[in-house]
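This is the structure I want to talk about, given as structure tokens.
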Amino acid sequence: MTAITQDAISDVSNEHGLRSDENRERWMVLGLCGPALFLIIIVMVVPVGWLFWLSFIGAEGSFSWENYERLWQSKSYARIFKITFEVAFVTTGICMLIGYPLTYMMSQLPRRAANIAMITVLLPFWTSLLVRTYAWLVLLQRKGLINGWLIDAGIIDTPLRLVHNFTGNIIGMSQIMLPFLVLPLYASMKAIDRDYLKAAANLGASPVAAFWRVFFPLSLPGLFAGMLLVFVISLGFFVTPVVLGGGRIIMVAMRVEKSISLYSNWGAASALAVVLLILTLACLVVAAKLLKLDKVQSGSGGSDG
Amino acid sequence: MSWLNAPASETQITHGKRLWLYIVSGLVMMFLVLPSLIVIPMSFSESKYLEFPPEVWSMYWYGAYFDSKAWMNATRTSLTVAVLTFLLATPMGTLAAYGLHVSRFRFSMYIYIVMSLPLMVPVIMIAIGVFFLYAKLGMINSISGLVLAHSMLAMPLVVIVVASGLKSYDMNQEMVARSLGASRARAFLTITLPQIRFSVITGGLLAFLTSLDEVIVALFVSGGENATITRRMFNALRDQIDPTIASISTLLITVSVILLVVAQMFGKERD
Amino acid sequence: MSTITTEKTALPITIRGVTKTYGDIYALDDVNLDVRSGEFITLLGPSGSGKTTLLMVLSGFNRPDRGSVMFGDREVIRLSPHKRDVGMVFQNYALFPHMDVNNNLAFPLKLRDVGKAEVAERVEKALELVQLSGLGERRISQLSGGQRQRVALARAIIFEPRILLMDEPLSALDKNLREHMQIELRRLHEMLGMTTVYVTHDQREALTMSDRVVVVNHGKLMQIDKPKQLYERPLSKFVADFIGESTFLPVSVEGGRASINGRPLSLAEAPPSDGANQLLLLRPEKLEILPGGESDSYNCFKGKVKDLVYQGESFLLYVDLDDGPEATLRSPTRREVLDAVPDRGHEITIGLHPEDTIIVSEDD
């Protein structure tokens, strides 16, 4: 009898020990992530949360919706949102039009050539945003290079207004945003099994028909995800519109900056920022869902056997 | 020209039929790469106005950069902040990626999302939030404040790069080491870390570059003596076109290219 | 009763001098083959033998360096794949994931400008044919492996091609399903009658399904024969080795007579040639235990019992032959045979009936 009782006791203490071991394991893992999490929470989550709170503080210093009301009603804010969305839409459209053919070609290249082509996409990605913006400023000015060449070639007589306006801003932003479209789209295109195109050809589809009926539909989730990414980043963009827009293009982020640096109007600035955040997160959620859809479509989901 | 008739893929479509695609893609690639490159020859011109090609080749504007006390201070600040960001974000991000990789926690999904937040929240919002926080803590215009903010921004990139490196790493090696008597920490430091060092270094380079190029947070949080190079450049661009910027840009491009080449080389070695 | 290929007749395939090189390597080396109208012919070989390459040449996805391929009396070697009008089943099926089953099947018909009503009718008939009626609206990801295989097949034949190409279509299925589908494919072939070229590395599958089998190795066609002929009368060591189990004994051949260590052998057929590299083919199931010792009606081999492995319905006997190598003998498990096997290490005589005694050449 004694032997059995002793076993029963050590069983129980084993169970305890095992559970505390497992807990210790959990804490260790958390511990590894701890510093990073701590940093992010303190330096980002807390301030952003604060901003949320601030957006609901009215001029009197008490809880109020007035900041959001003003966003909704004021004409100048309406204009700012309109321009911001216009810029984002046009930039996204241009990136899609010029980015799709490039990405398609890259996806069809053999590995070596594709890697080299990828460098031309990554290089601007790794180059400072300011440098790229500055380069466009130089190219697009009245006395800049593009006008200079056009005049020398006799195509135009007077310099075109290419910068400090909507056009210049769009040109600059398109170049800067393009990698954000190309990269997810490329991943999506590479995941399309080449056998689908062979099957389509075998079944009678000419290369053009095979592209439109099989390849293009399968690339859409990646394309939409890339477009959403470009759209969302364009919405919140700051540096390029300031420099290339020349004060004529006022986007949301710029207004936020002005509210703080010129007026110290934390209520207005934070309300604007919150709206921007909500739009951003909504688009990102949709993009994430699209990328998941991509995975299911390329056949890595579903039953087998 | 027989290349034009050769098939470009198994569906036997010829290169010739795809020529238009190659041309369009080529143009887009030039659109991506060339504009930034324009800055380089311009920085070697002597004139006060931007001109291309330079009539007289000189290092005048490089001189202007290196001689200017304000620019040198800004450079020192930027480099200091970038190096400190590298030193802070790289180990933090690496450990976090490792922790997420080995955990069988349900929570790790949520932790991963929190780690990705800095990439999802608009930078302007982060910038004013941090500004607000630092104003209360008296950390405006401090190097440490900037380092903390940049590390936070760079962290997700380090985590993503190291996490993907861990994915192609065989964790069994660590288990073998532990079965042979090594503690978990020792196994990580002596077995795993050396083998993922390429990902770690790439992540670190990304952190460095992110900090060096960062504009918006720096705009709010750095200033006075501790202004960063990006803040000065941004203000200069807004006000007037100072050709010194061309030389600074060239130097920044050089830094980017060197880091990119280094990262690519590391990536290839891993393959 | 055939519901699909009625008026159309199957086409013969004529392959002449097809060669494809990659640098120094011959993927296909001067291949010549005549596939008869309506025949089910299998290309059998190990990985890298060129069998898939040849199939890709037939479907148009691989252009050879030279040669001719004719479907009937039409030269097709330079015809683009989408104009060849052959049905093809890919190894991984390649069903379009963004379309449901109906649309996958309708795809080739729509490309041929078939009217809506007729498309719907033919899609339904095709589903019936492969026993998937009612599953038309399912998405591909919702189908099991076996179901996907049948959709791939239906899609390949729905536009009534006169030639059908199949690239290891059953390799992704588990054993039971595979054997079931082998019978199904054979049944469909008999019903529809189109010329079928089938690629596999599984020799059992090849022997089960085909009218003729082509053994391929290093880009060359080693032997083209009916399954029984291929198995019973292989022409080379490679073919003998690849199909079925076998052991080989070196023999010397002179003047059309073979002998081993001085003892003459009674042969079923004349040996391929005189010379040194000749081998006697020993198939495990053809070897018999001779409890009474040597006998005139057999080619006999003496040896010592090495091991006996009981495998359920049959057993394997390993014998160390006095003539040198180890021979493997397989026999159905019959009590009297099993009892007659001597213990390990003891002497045993095994025999090969002259009708089963085949000499093959070593040279490849």
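By letter and in written order, the chains are A, B and C; residue numbering begins at 1 in each of them.
Please note the rule applied: contacts are C-beta pairs under 8 Å (C-beta built on N, C-alpha and C of every residue); 3 or more make two chains touch, one makes a residue touch a chain.
Here the structure is a predicted model, which is why all the values come from computation and not from measurement.
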Exercise. Line, ring, star, complete or other: which describes how these chains touch one another?
Worked result: complete
Problem set entry | Nearest-to-centre chain - CA centroid comparison | A
For this session: Any chance you could check whether B-C or A-B wins on number of contacting C-beta pairs?
Result: A-B
Exercise. Per the centroid of Cα atoms for each chain, what is the distance between subunit A and subunit C, given in Å?
Worked result: 54
Seminar exercise, completed: dist(centroid_CA(subunit B), centroid_CA(subunit C)) in Å evaluates to 57
For this session: Calculate how many whole Å lie between the centre of subunit A and the centre of subunit B, each centre taken as the average of the chain's C-alpha atoms.
Result: 16
Exercise. Which residue numbers or ranges of subunit B touch two or more of the other chains?
Worked result: 10-12
Seminar exercise, completed: By the touch definition above, subunit A meets two or more other chains at residues 198, 201, 207, 210
Problem set entry | Where subunit C touches two or more other chains, by residue | 60-61, 80-82
Exercise. Can you list the subunit C residues touching subunit B in their complex?
Worked result: 56, 60-63, 80-82
Problem set entry | Footprint of subunit C on subunit A - complex, ascending | 193, 195-196, 198-207, 209-210, 213-214, 217-218, 296-299, 301-305
Exercise. In the complex formed with subunit C, which residues of subunit B make contact?
Worked result: 7, 10-12
Seminar exercise, completed: In the complex, the residues of subunit B that touch subunit A are 8-13, 17-18, 21-22, 24-25, 28-29, 31-33, 35-39, 42, 49-50, 52, 92-93, 95-96, 98-100, 102-103, 105, 108, 111, 114-115, 117-118, 120-126, 128-133, 148-149, 151-152, 155, 159, 184, 209, 212-213, 215-216, 219-220, 230, 233-234, 237-238, 241, 245-246, 249, 252-253, 256-257, 259-260, 264
Exercise. Which of the residues in subunit A come into contact with subunit B in the complex?
Worked result: 26, 28-33, 35-37, 39-41, 43-48, 50-51, 54, 98-99, 101-102, 104-106, 108, 117, 119-124, 126-139, 141, 143-145, 148, 175, 178-179, 194, 197-198, 201, 207, 210, 235-236, 238-239, 242-243, 252-253, 256-257, 260-261, 266, 269-270, 273-274, 276-277, 280-281, 284
